[in-house]
Amino acid sequence: MKNKMLAVPYLVWMAVFTIIPLAIVFYFAFTDTVTGEATFRNIVLLGQYGSILFKSAWLALVSSLLCLIIGYPVAYYIAGCSPRKQRFLYMLVMLPMCMSFLLRTLAWVALLEDTGIINRFIITLGLRPLPLIRNDGAVILGMVYNFLPYMILPLYSVIMKIDPRLIEAAQDLGCNSRQVFGKVVLPLSLPGMISGVTMVFVPAVSTFYISQKLGSSGTALIGDVIESQFKTAYNPNLGAAMSLGLMAVVFTCIALMNRFSGDDGESMVTV
Amino acid sequence: MSKHLIDLVGVRKTFDGEDALKNINLYIRDGEFLTLLGPSGCGKTTTLRLIAGFILPTEGKILIDGQDVSNVPPYKRRVNTVFQKYALFPHLDVYDNIAFGLRIAKLSEDEIDARVNEMLEIVSLKGFENRRTTTLSGGQQQRVAIARALANRPGVLLLDEPLGALDLRLRKDMQNELKRIQQQLGITFIYVTHDQEEALTMSDTVVVMDRGHIQQIGTPEDIYNEPKNAFVADFIGESNILDGVMRDDYLVEFFGRKFKCMDKGFGKNEPVDVVIRPEDIDIVPADAGHLSGTVTSVTFKGVHYDIIVDFKGFKWLIQTTDHQPEGAHIGIKLTPDDIHVMKKTEYSGMYGDYSSYSAEYDEINDPDAVIGEEDEALPQEERDEE
Amino acid sequence: MRRFNRIFTIIVLIFLYVPMIVLAVASFNSGNDIAVLKGFTLSRYSELFRDGVLLPLLGNSLIVAVLSSLSATLLGTMAALGIHAMGKQLRQLTLAVTNIPLTNPEIVTGVSLALLFAFIGQTLKINSILGFFTLLIAHVTFNLPYVILSVLPKLTQMDRDLRDAALDLGCTPIQAFFKVILYEIMPGVISGALMSFTMSLDDFVISYFVYGPNFITLPVEIYNYTKKPLHPKIYALFTLLFITILMVMVLMNLLQARDEKRTNQARRIFSAGRRRVTT
């Protein structure tokens, strides 16, 4: 049928504004800033930033797992509510995603600062103020806070779709409620976990705002370094090489997770 | 009745390199009720969709009223379709569904109103005009689908297993209703089904199909009484199909015995298939019959018993109103009327032995149970019980 | 266990909302330090409305969000129809391309578009082409996949016979689309459009790399602001936006509830089988 042709404008758009830009990133990563000649120098330089890349991936991974641990009970609880309550809770989880994440992160600064709301409260109790900000813990908190809804929503929609007859069947075959959860519900919600972890990991590993505001001044993440290559240090070729490194990390992680779930990548996005 | 309304000439249809239909030649007379009957995947729905114009033939021609419409799109053909799952427009109410085609044809609102009311009358749905179609029962949705298709006054109404999703009782009622509507309006109906009983009850002409071929065309009586091959014999009703040899005109040999029969025109000593219908067989005392055997299973079926009798290792199905206990030794009598001789075909040897017969076996092979159908297709009552 | 989950969920929700409550409270605080409550005032709001910078920037954000979500909805719905008609291989390839902007880190998308625009600027010998159109293009690009992924399932769920039925009753293929198919996929089209709109309105990372000095959106400006001490009128703006979005969501929630009630009624009469979730 000729209906296929309706996708042509879209495909042209994607070619020009997604594929070609990525090709340009490749081109920049392998050329010299000054002479424009082909070079591997940027890729070699990338080695210096290996520890930063590793740290970003590590913090993002910890945040993703925390989101999973925190998000699962919430998603599970919401999926078990009456439809009316489900809709309401779903809305409550989604709403923060629509609000400026810059300002919400800034609110955390106000809460955690040495002279912030929490520490002022601690001081009025007569205790010593705590070092709540400018450390990795604060960065992880910021990531978990910002990206938790991206974990809860896919988990919720997967748990929601589990056929209640399967649970009845498991009970019928002699499972107690713990076994029903461990042997039926949890394995069936694996696609939701994978897609949730992906959806938290990708923005977390590449963030530059959270680390700027909540992290210690010495530890930049890969996102910060890329941003500075384009905005302050102006070395787009090195920035492009770093972007490639970041993409490599992201796609390796996604591929690993999809292999782990025995999936061909179709369920990458479920929301 | 004699004018050809639709002609299919040498029609072939391929999907992804696989033949769904191979060389179909068929004509449909004006005003007749013709049924395409066969198991799922036999090509009956493909044939219907070709006539409707939803798909185009790979080879061959389709004529409507003598005009070649092979490449004419569906909206320019004067045929209308009743879909298997009704395909009612969920965003429109009953009235607007029926009026849909008339509005497309830009009839005046007065005329549309008159036409819709007439249709509502025909399908007995007066008073349902403003109901949303999703709030109707299966049977009512079915009626709306029929009214919607008939409102355009098509030359031919195509029906694709329209009763498949209804429960047994409703199906019977709708069969009568459809037949009545067809006679009242005098429109040609082309009806697709896998239910042999439905086909025999309603049709003027039955076309039995399998594997993309037409196996037999005839009146319901012809098809039942004179099946052309083992496939038709097995698909229409129950049959015992045996290997035999035609010794002469009107004389066939099987189980080492010669029987008089009504068939002629075969070659001398030609191997043939012999069909004996289970309800035609007379049970007599063991020593008084043409053949004798042992009853191996008895199933009560309401009106009659299905009994399986072992004759020298070949198991026959016999339907009888007299109870025979399991293990009984009985004889059977066959009259020339009971014996139908058919030429050997690719289907020979595939059907007719009931050695693995059991009640469950019967259900597993139920032609109504289409593999792969979702539970949406379950009759409504069954679902309500769940 | 369920009780534990319930309490846990409440705690998590509090965690999610505490920072927003802090901002809302700050918008009524007469002191400038967000951490110290001085007294109640509405002056932040009057300052906001007299402000000549923030509101026009909000207007910019709205213009980009409206235009990009409308274009993405149109282009994406067409694409979904096209993808629906494709064979398996072509379809998988197209969906793989669709997944790129979704899985790629936003910063990479931003950087790659920035490089593309720089390249185009160079070839056309224009000093800087960054501005309204580059922002719009970037937003359409990251919105398209959301539209496609919300329309496509509606097309697959749709009874294939509906289109045939429309053709059968005399519709041309174009009439069939506008009189039947569009109604069926409408929920997907609307949710795709809404998702695009909110994504676009709140986007910072990609916009940050492709905006020009002549056309700045609110999130970008907030980022630039947060490098200096923040003026509390921004908290007032945040609070107003929060209330607006909350009201829109509650409204959608109610509409959905009404809709569901209707289909449930229908389901009771003629059961439609399994429960479905629409996200």
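Quick notes on this structure:
Just so it is clear, A, B and C label the chains in written order, and each chain counts residues from 1 on its own.
Everything below uses one rule, namely that contacts are C-beta pairs under 8 Å (C-beta built on N, C-alpha and C of every residue); 3 or more make two chains touch, one makes a residue touch a chain.
The shown structure was predicted, so the numbers you read here are calculated from the model rather than taken from an experiment.
Distance from per-chain Cα centroids to the pooled protein Cα centroid is smallest for C.
Chains joined by the most contact pairs: A-C. Centroid analysis (C-alpha atoms only) places A farthest from subunit B.
Measuring from the averaged C-alpha position of subunit B to that of subunit C gives a distance of 53 Å. With centres defined as mean CA coordinates, subunit C is found 18 Å away from subunit A.
Subunit A and subunit B have Cα centroids separated by 58 Å.
Shared interface positions of subunit B, defined as residues touching 2 or more other chains, are absent. Across the complex, subunit C meets subunit B through its residues 159, 161-162, 164-172, 175, 179-180, 183-184, 263, 265-266, 269-273. Put simply, subunit A touches subunit C in their complex at residues 1, 3-11, 13-14, 17-22, 24-25, 28, 70, 73-74, 76-78, 80, 83-84, 87-89, 91-108, 110-111, 113, 115-117, 120, 145, 148-149, 153, 157, 160-161, 163, 177, 198, 202-203, 205-206, 208-209, 213, 223, 226-227, 230, 236, 239-240, 243, 246-247, 250-251, 254, 265-266, 268-271. On the subunit C side of its complex with subunit A, the touching residues are 1-2, 4-6, 8-9, 12-13, 15-20, 22-23, 26, 34-36, 75-76, 78-79, 81-86, 90, 94-95, 97-109, 111-116, 118-119, 137-138, 140-141, 144-145, 148-149, 173, 198, 201-202, 204, 209, 218-219, 222-223, 226, 230, 234-235, 238, 241-242, 245-246, 249-250, 253, 256-257, 260, 274, 277, 279.
For subunit B in complex with subunit C, the touching residues are 52-54, 73-75, 79-81, 83-85, 87-91, 100-101, 104-105, 132, 134-138, 141, 148-149, 152, 374-376, 380, 383-384.
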